[in-house]
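Below, chain A partners chain B and then partners chain C, in two separate complexes.
Our next item is the complex of A and B:
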């Protein structure tokens, strides 16, 4: 019993240590920020403008994404066509798409010299202006329309096929089906989808850095960055960081209050028979929606490939060095995420049924509400007296990236550990498999898929992250996203296109490698 | 000798008591209505459930404080007896060493056990590449290498067809005779119980009754068992 007790304490202890790290990173950095915020400092009118802009752009982005997703998801739910599966898979891709690469692609389509402006030029219209509120919203819709579509599509597919058959046998028109079947589902799913996207958009930084700015299009996150980077006004940065945390906490609270749908990923391949929508008009409308959505997603990506390919093999040495740094950061971040998530997941399992388990898991999700810039600011304040934060830019980036990926890793690992222990725990117990033997011969082989997925996601997110690194780094230690941003800011668009394609390839490859590694030869 | 000394297991509102002894080498069926606590009794002996009172003793040694892996017990569960990611060889080898670090003599023992249950040549197969009967044989080969004196079967062959199930039961009986192991076997089917056990424990109404000869219990079942077996089964 003593031996067993020690094993158990070890697992729980490791989990609590991991939770303490997360706590220090989220609330600890916030505390450091609060301590530093001088109470004499007040929010000026420009700061309030930033708060208003943050809420405005997040509301608009969420509203437009969700509204456009309705016809697209409906079309996908009731049409079968070649490439449907690929398109639905692609709807999941923006999640690992580096933000700054997407911005580059959007510029190639909607920018001053982009496809749209050229098209408008033929008819004598002035070029489309992408900078400012509508650029920020456009980019956010680009990222979140796919997410909203997947969430709504899932809602559609959860309506039992029998109901549609019943509706057909009763001679329902498309309008009747909409009223009786689709609207009740939407009433349930839409608020959650809206809140999720709203939360994501309140902490968005890279999009606003690239497409916003100026007094009329600055979010709180960007204001933190500017106060920190340009004015080196730590007090004001700290105050803004508190405001940002309040917004994030309020938004997360909203998400807890509203029923948030979960993207399960699987089972989106079914199509219900829908006789009421068989008419030519409906088919043309659906095809148009699917075509428009696909073009909106694929054109920017295509432009990155098209423009980037020629420059890919003649990239400046600074870009190559940055790429190497980014890969190291991404891999370290993936390792760190597992080092935090696995002990947490094991501890949650060991403590199941007790209140501490709930607390540990909740702590792991805390970084959803935290902002990377707040974390970065806090770490800077904490590190400043003891070390040169600029020299630690890359390690800090690794740590913050890992903290931001942790919620996704936990969502994959906590239920997986419970499943594995539930199924094979008694056998392992009866064979006396403990500690390392249990880890090697039970957990690692059985958890390969969620481990691979978590590591891949963490690596891809870290690879493309342009957040905390922008706060700290000097030119000698830029990551690839930061280097790309600098090329764009210097209007070196050819090099930028090459760097963008390289970044895209690296992020997708990292995700694919880990995720694939978790799947091949997995005996289930 | 296995002694259940005032053993009481409580789970929510459910309670099971047991107070009897079994001599070494006994072959005992555990029968009773569904949900009466047959699996619970085995789990308590194997150490998966902590009793709220009483003790489990083997040859006079108190097992109650020991974790499952340190008890002189091998248990075969209803399912999930094999790790799907490990070969038949490794699945058996785990019975000798939980970290799979085997000396060459031990490797020979694993191969010998697999051959004894009729699986020579299939050592490297993973469970998915084995039939249901072969998977059961791998679990039995592990029983052999573990060589623990107490064998608990929680209906591991329930998913097999009747002929295959009888084959497995006969193999269990042979292995027990060869190793002198004491067997406790949960059974749904009175014919299974009659086939290889000489004594039976009736679990009903919160009590694991003192073992009686299997044939006698089935010939003249008490009311709780009669209801379960149905009027047509026995007179």
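Our next item is the complex of A and C:
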């Protein structure tokens, strides 16, 4: 028993150590920033404009995404068609799609020289202007409409099919079904979906950097970047970082308060019989919504492939080097996120029922509210006296990226560890299986799926990240997303398209490899 | 038996290191200077022929970002020379205490007198709005006409780019108290504000705007390099703000002699003759061969506007917040 106790302490100790790292990365860096701010700097009118713009664009983005998701999710919930499964899988794609690549695709469709403007031109309309608030909101809707659709679709499919049958036998019209069955569900699901998207949009950086079009559209994240990068005004950057953290914390608090639906993805393949919506009008409307949503999602992706393919094999050496660097960063982030998430998940299991477990898990989710740029600024302030932060740009990027994907990893691993230990733990105990043996024979085979998923997600997110690296990267150690942004900034759109396609391929491949690896022989 | 081989290997590596041990001079500059079509490659070749050293250009962002990068690295910086600041930034740069006197004397062909002990000019030009003659038959002759036109323009962010800051000070020096009002009008013409010059100019060439903030010398590029005479700079009767681009020696440099040598080389004919047809600016010291053919077609502003570095620094913050509040609304 004594040995079992030591084992337990080891697991808990490792978990607490991991939690301490996360704490240092989130609140520690924030503390460094607050200490540096010294209240000497003042926020100017343009900083307050950035705060207002941040809230405005996040509200609009969330509102539009959720509103448009209602008819799309309803159509997906009540129609069966070839490719429905593929389409629903694709709704998950924007999550691992590098932001800067999506921007490139959106420019190819909605830019001044893009498809939409050409189309408008045929009818004598002026070209569409993408830069500014509407461009930012457009990009955010592109990213979040699929998420909102998945969340609402989940809500729809959780309405028992029996109720729809009952409604049909009572002769309900589509409007009655909407009032009696759908609206109560939406009332429960919509606020949560809205808040999730709002939170995501408040920390938007790369989209605003590329599509903001100047001071009119500056988020707090972008203002931090500018204060840091152009004015080197650490005091103001620090103050803005505090503002950003307050926004993030308030939004996260809002998310806790409103119940947030979970997009677990299970059971999205059932379609209830819906005789009330069988009429031609409904079918056409549903087809139109699904078609529009699919086009909105797929056209930009298609344009990336189309425009990027010619340049893909003749990319400048600088892009190739950046791609290699990015792969190393992504793999390191994946390893690091597991090194943090696994001990945390084990510790949470060992401490189950105690208050400390709750605290540990909550700590792991803390980085949801933190912003990468705040973390970057804080790490810079901490590192600057002892080392050259520019030389450490890549390791810092690895660490920040890992911290940002930690919540997703925990979400997958904590319940999985509980399941494995709950089912096989007593047996393993009775066999005296401990330490590495237990890890190898009990945990790894059964946790392959969540481990693969977590690592894949971390690698893909890290691959596409354009945040902290933009703060203090040397051009010679640019990652692929930064290199891509630099090509766009130099308006070398052909090379940028090629680099964009390469980045897309790498991010998807990394995710697929890990996720796939986790599924092999894992049918336990 | 293995040891001799290893020893030989180590010796070979040591030998290779020794052979590589040419002194290295690191020059921080803006991105377009080091691009394949910029002056960087030619300058590097020309200087390495005479210096017995390895000249390394590092592109570190545009204008203010270049200076911020240096401040970020402080005395730890690898840079020996910083090339590409302009007079609107030199007061701030001098304030960092990171620069050492250049000690170079030359007879400059600048429209203004030069006596800055820390910074040495290498080229200069006038800011101007560039347009396509075939698309804009009647270009505006001043800011008022531009504001009243229906032309679209692309400008650069003054916080990140030197032309952007130049425009800010152009408006301020030409209109003084009326600057906010001018900006309110100009903003109606602005399609987008880009981070740097390259992006803005690229957008103009792609037809995303009718005019772009650039230099009176930009049309020379199209004329000389592309044989295209459709691009022109609009002459404004308020006068044109000038940009004088400078380089400075970093005080903490571990190659001070080499840095001095580079700065002397910078005002010599070898460097200056590269400038007009790669950086597309006027050379600070006109080389013996004169200006290339085609430069005589460029407009000559009737009035040159330029704040002293101290004035520019004083004006910058006020002008910037005027611009931000005009643009933010």
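To be clear about the criterion, the second predicted complex is superposed on the first by the 523 of 524 C-alpha atoms of A that agree within 3 Å, B and C clash if a C-alpha of one lies under 4 Å from a C-alpha of the other, contacts with A are read in each partner's own complex, and residues count from 1 in each chain.
Heads up, the rule we're going with is that contacts are C-beta pairs under 8 Å (C-beta built on N, C-alpha and C of every residue); 3 or more make two chains touch, one makes a residue touch a chain.
All values derive from a computational prediction rather than experimental measurement.
Visitor: After the match on chain A, would you call chain B and chain C a fit or a clash?
Guide: These partners fit in the superposed model.
Visitor: Report for A:426: first if it touches chain B alone, second if chain C alone, otherwise both or neither.
Guide: Touch status of A:426: first partner only.
Visitor: Between chain B (first) and chain C (second), which, if any, makes contact with A:49: first, second, both or neither?
Guide: A:49: touches chain C, not chain B.
Visitor: Can A:216 be said to touch chain B (first), chain C (second), both, or neither?
Guide: second
Visitor: On chain A, which partner's contacts cover more residues, chain B's or chain C's?
Guide: If we count touched residues of chain A for both partners, the winner is C.
Visitor: Can A:440 be said to touch chain B (first), chain C (second), both, or neither?
Guide: first
Visitor: How many Å separate the nearest C-alpha atoms of chain B and chain C in the overlaid structures?
Guide: Once the two complexes are overlaid, chain B and chain C approach no closer than 36 Å between C-alpha atoms.
Visitor: For chain C, which residues count as touching chain A in their complex?
Guide: Of all residues in chain C, those touching chain A are 31-32, 35, 58-61, 64-65, 67-69, 71-73, 76, 157, 159-160, 190-196, 198-199, 201-203, 205-208, 321, 323-325, 327-328.
Visitor: Which positions of chain B touch chain A when the two form their complex?
Guide: 46-48, 65-70, 73-75, 77, 80-81, 83-86, 90, 94-95, 98-100, 126-128
Visitor: Considering only the defined contacts, which chain A positions touch chain B in the complex?
Guide: 1, 3-4, 423-424, 426-427, 429-434, 436-438, 440-442, 445-446, 522-524
Visitor: Spell out the part of chain A that touches chain C in their complex, as residue ranges.
Guide: Where chain A meets chain C, its residues are 44-46, 49, 111-113, 129, 131-132, 213-216, 226, 228-232, 388-390, 472, 474-476, 486, 488-493.
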